[in-house]
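The same subunit A turns up in both complexes below, where it pairs with subunit B and then with subunit C.
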Partner chain A sequence: MSAETTIEVAAVAAPRRRTLPAIMLPALGVLFVAVFLLSIGRGSVAIPVDQVVAILLGGEGDRASWSVIVMDVRIPRAITAALSGAALGVAGLQMQTLLRNPLADPFVLGISSGASLGVAVVVLGTGSTVGAVFGAGLGLTGDLAITAAAIIGALLVLIPVLAISARVRNPATVLVVGLMLGYGIQGFVSILSAGTSPELLQRWMFWSFGSFTGVTANKLPIFAPLIVLGIAVAFLTVRQLNVLLLSENYARSMGLNAGRMRIATLGGAAVLAGTVTAFCGPIAFLGVAIPHIARGVLGTSDHRLLVPGVVLIGAILAIAAQMIALLAGDGVLPLNAVTALIGAPVVVAVLLRSRRGAFVS
Partner chain B sequence: MSTAITLEHLSVGYRGRGATHAVLTGLDLAVEAGAFVCLLGANGTGKSTLLRTLARMQKPLAGRVLLSGVDIRTLPQAALARLVGLVLTERFDVAALDVYRVVALGRYAHQGWSGRMSDADHAAVRNALAAVGASHLAQRDCVELSDGERQRVNVARALAQEPAVLILDEPTAHLDAASRAELMALLQELARGHGLAVVASTHDIDLALRSADAIWLASAGRVLAGAPEDLVSDGSLGRALSTGSVGFVPETRSFRLWRPGGRIARVEGSGLPASLAAAVLERQGFEIVAGDAPILVEAGDDGAWALRSPEGEVSGRSWASLAAAVRSVARAPPP
Partner chain C sequence: MKPILSTALLALTGALVAVPSFAQPAENPDACLTAFDPAADYFPQKADVEYAENFTVAYHGSYKVVTVVEPSPGAPSETYVLLQCGAPLPELPAELAGAPVIEVPVATIHSESATHFPMLEAIGMIDRLTGVSSAAYTTTEAVIAGAAAGTIIEFAPTFTIDVETVIDGEPALFMTGGFTTAEHGQLADAGIAVVANAEWLEPTVLGRAEWVKYIALFFNQEGEAATAFDAIDAQYAATMAEVASLTEGERPLVFTGAASEGIFYAAGGRSYVAEMIADAGGRYIFADNDDTGSTGLTDIEVMLDEAAEAEVWINANSAYRTLADIVADDPRLAALPAAQAGAVWNYDRITSPGGGVAYFDLGVLRPDLVLIDLVKIFHPEVMADRPFTFYRPITVE
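The block that comes next holds the complex of A and B.
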């Protein structure tokens, strides 16, 4: 084992680190701004980047319609994508550290399915609708009800998953259990959906493909604060996440109140996963992939750098995935198809790099 | 010297559904600041359970634990972390985090809400690294370290908490022979030089007896405490650690295999050659006696040996050849 470790380390360790994170975070910030601006110009109506910048700076575009498109459609879409990517990445990072499982994320462990169940109970059960996909629906109250149901649904899965992880040490086993939980919930949702109207069922199908276009400007005041709140929990607990890197027992011995930390992290992750799922559908694999990409790019496990890195990389990847989905025409290619193409290889790579149950990212 | 650890009528074990399973009971022990205590005992005698209870990782069944005179049940988690540093048997492995940052994690309980590292924090990390002789490893990634280096770093991380007490559960397990000796010497030095009360469980009887100020011997539900030599001379170590086929030899403070129906032999000579000749004979199942024996080996100072037995006399110059001669004698039917 030690020989194997030595080879691996010799290949990757020595030269980088140290200076790397200091350069990478601002670089990611610049990349984020570029991708954000670029994505605003993309869509069924192409708008040049210089016009986008002019409109954002308060000027008028060359065409009056561009202003409306940028301010009312494209910016909410880009902000939603950025916040969703950041949210899923942060929730994935929190779960990976808390569960000590490099394969953990809201989607893989069935948390998004739990949130879906919450949404299904409200939408399919009452016939009300959510998001652009579900139409205007009950308005603000309906959105709040569905979001609350999604967060509760996320928690209802997160708690047993945490209990199972405490008992089953092998991350791959926890992964399979999470997948099975997800399938079980899907089955339950299918039973719920039996007997609902075909139109509602079709909208449900589109919602489950995942989309960042559901959060219109009037929904952002609900969506954005919840995501910011969830991400704030991670920023405020970077020190606690760092001591948890060793193990929960070591974290306690160094003075961490592990019970309180677990509640804060679970609550934060459930809010993030539940809110994103309520508004954008169950987005696959971004949550598991983003933290690994961030560790690779920043070359550190230190959460003080990792949390901002995950936020930026999550935002960039989600916007990029949204742009790729648009390539095939407006809203035809499901977002989940794109995110699976990004995330699935990362999961496989992590599985293959694991040695005897010990995971090194 | 003040009392760093006090155990009052302590019973440790597990609470099951309804029933409790006591592992060690009636413990009234104390450790002074600056003392190094080794906890010995066969597997399953409750060493880890006792250490976990001292570190408040599990509740005592009865009695209480005082650290620096304070009942640990009354302490908030962070205050406990400033009193006791812990080294566990759990795998200590963090990828992509350098040694300095890992040791700095030990400052958690000393830092304010912002988590900014103060000058005092940096000084504590540097002192901890220096105390374990790992200052040169500060910039290395933890996964690059050897097992011995990693254990030193783990001790440094606990030291960065600036505790009064250091508790270590089998810190020498999985280490090579040199690293084991180095680590025990380090623990002794931390007690002597830094005034810590150090309690470590270990299976390295020989190293423990040579470096510890006191031995806690867990056996049959009790803990016997005393100076290493007292436990050797009154036979408690031998009784606690010997089994049907393995015996503890007080004179050499080490174990040897008992061979039923073993034969006896005598060694003449002095110094290293005599003890090596005796080692060859013991390995072949002979018990070394001072009196008359049918087998006699003379070990010369120049490394030459001569073996006299009822079959005659042979001699040679290497220990391998003595071993071969002893084997052929041992195969011959007893007279």
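The block that comes next holds the complex of A and C.
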């Protein structure tokens, strides 16, 4: 079964540029390593390259603070950015395929908003009794509670969006429904934030700016496994995703259990979007942009190539966005502003170019 | 003896005779006039503004012309005519034609900012307060009690002004918290006197505290305000003098604030926080910064680098009670030498059940008490006999 499927998909996807991915994927790998190293070498504090290298090799910097900055700020930040970008790209790809909608992604469809609501319920809802909550006060259990709430919140939006998309075939309609769900949920978040203390409100605002810098080394042991788990689901289901892309009827005729496949993909996307939102805030537009860039760069819609492509491009873009955010002189731009500037043009381009189903080929 | 007595009697008789028409009373009137003398100076007690730059007042017999230079950030100036109640409307110059005319002393006031309440208390006018935006974030006992008893209404418990509640409350004066909102226009249209209070835009702490004189203008309480402010001013100067002769090496390096999600705003180098650190005999890590408010959004790298040698950390985070709390929040901050030494101070010694912090309301009127706290933090041997008012350290286990 799977061999036939593969042939079909390859025929639909990219008959002319079969060699492109063979060049591009290794190139993306090299680019990822380069960007990752660059983001460790550069930050808002100027540290000479030889000092960074010495610190990375286990030595001490000229200033004690430089070791802390390289080891405890830049490395966790680069890892967090890479994992977040990969996660958002994969979640976006899964949803675009599952919903057969080129504009689907966790942020656009309100799934990030659902996750935000989960975070808001834990953080702002309990704020009056626990005191300040982000980290301090709740500690490790707080991180777990926030993450679980974010994943549940993501599912609360993802399930109705999926149900609606099964009835409504027009991608734009599903998009608008998702946007409306997101706005509705933002209303609840506003109600929660209106009753909270100014100090908590400021922390909430920083969180909603989006940031890869808040995930410290002691939080990575929760964050990283969840992301790896979510991405693993995508890697293990690439063939089924290819079949789903063609049509659900075709998938059924091929013997694919579409229902189970949907649940696995749905769960994976919710874990990815929920975890990233819980730790880094609602990151705008990366999820929708990354799969389109991957299709363009690799010249294929074959998920066996797209998933690794999306992981690499997502990691590269997220690290690049973080570096751009730090370029603002002494200051730092809200990460969401940078990712929106990267992602929004891609959404517009897709809208302008899209014919029905055009993203498939 | 006898001549003196008769002179006194004569003077007394003269004064009694003079009262009905020519009196020059020593105090500003605390009620409406019953008779009007166009030649009289009805405000013998005049506000003398030394530090505040964001408001001015000019006296004209029966009325005061008050201007708030910047009512909210970037907004054009506003001018009000404060007319002694009972006096006829004077002929105003053309430039004051559109200015709101407010009869003083006002009988009731609604206020948007908890910083006004200690000032109203200082001039003995807290019982005139009939409406507040929210009683949750104040530490002024009279306001908390008044809201609980229903004598003080809350017109913006979720940050947005409920216009109908304010109109129903019929305040003689509505004082803003230094931000412009659309609701202010609606209140003015409904005939309520809306005046700005933008004390928070003053660059200096004594300038901010001096807005007690501004509030007093509306109650004819210039005398009370001057007495209160002079004591604050004198104690601030005396506290500064305690540490004035310290050498550079005796002044500890200080940083403020805390990063959340790896980003933060630091107090600007020209801010009142920076000013007070310097006045209290400390050195601020961002002293060279030119911002009067806070810096722009700043990356945690900058804080870790600049604070690496700092000895004291103030205004950190009210959730920090122990070093373990800082570790749980962000181990990178907990590793800073000031945190390791337990030299972490928060300004929440006095809080209200609703989450109010006295530093933010009483602290605006009483920079002298804030300064004493800071001196005690930076130089424990100085003023050791004075108690802390606003600051508490984290506990070191």
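Miscellaneous remarks
Note that in this section the second predicted complex is superposed on the first by the 306 of 361 C-alpha atoms of A that agree within 3 Å, B and C clash if a C-alpha of one lies under 4 Å from a C-alpha of the other, contacts with A are read in each partner's own complex, and residues count from 1 in each chain.
Here is the rule we use: contacts are C-beta pairs under 8 Å (C-beta built on N, C-alpha and C of every residue); 3 or more make two chains touch, one makes a residue touch a chain.
Note that the coordinates shown come from a computational prediction; the quantities given were computed from them, not determined experimentally.
Shared-chain residue A:302: touches subunit B; no touch with subunit C. Of the two partner chains, neither subunit B nor subunit C is touched by A:106.
In the superposition on chain A, contact is made by A:199 with subunit C only, not with subunit B. By the document's definition of touching, of the two partners only subunit B reaches A:245; subunit C does not.
Put subunit B and subunit C next to each other and count what each touches on subunit A; the higher total goes to C. In the superposition on chain A, no subunit A position is in contact with subunit B in one complex as well as with subunit C in the other. Residues of subunit C that touch subunit A in their complex: 137, 158-160, 259-264, 295-302, 304-305, 307-308, 317-320, 325-326, 328-332, 335, 355. Interface residues of subunit B, counted against subunit A in their complex, comprise 55, 57, 76-82, 84-86, 88, 90-98, 101-102, 105-106, 108-109, 111, 115, 139, 141, 143-144, 146-147, 157-158, 161.
In the complex of the two chains, the subunit A residues touching subunit B come out as 2, 5-6, 8-9, 13, 17-18, 238-239, 242-243, 245-247, 249-250, 252-257, 295, 299-302, 304, 358, 360-361. The residues of subunit A lying in touch with subunit C in their complex are 43-45, 63-66, 68-69, 72-74, 77, 128, 131-140, 194-195, 197-199, 202-203, 206-207, 209, 211-214, 216-218, 281, 326, 328-334.
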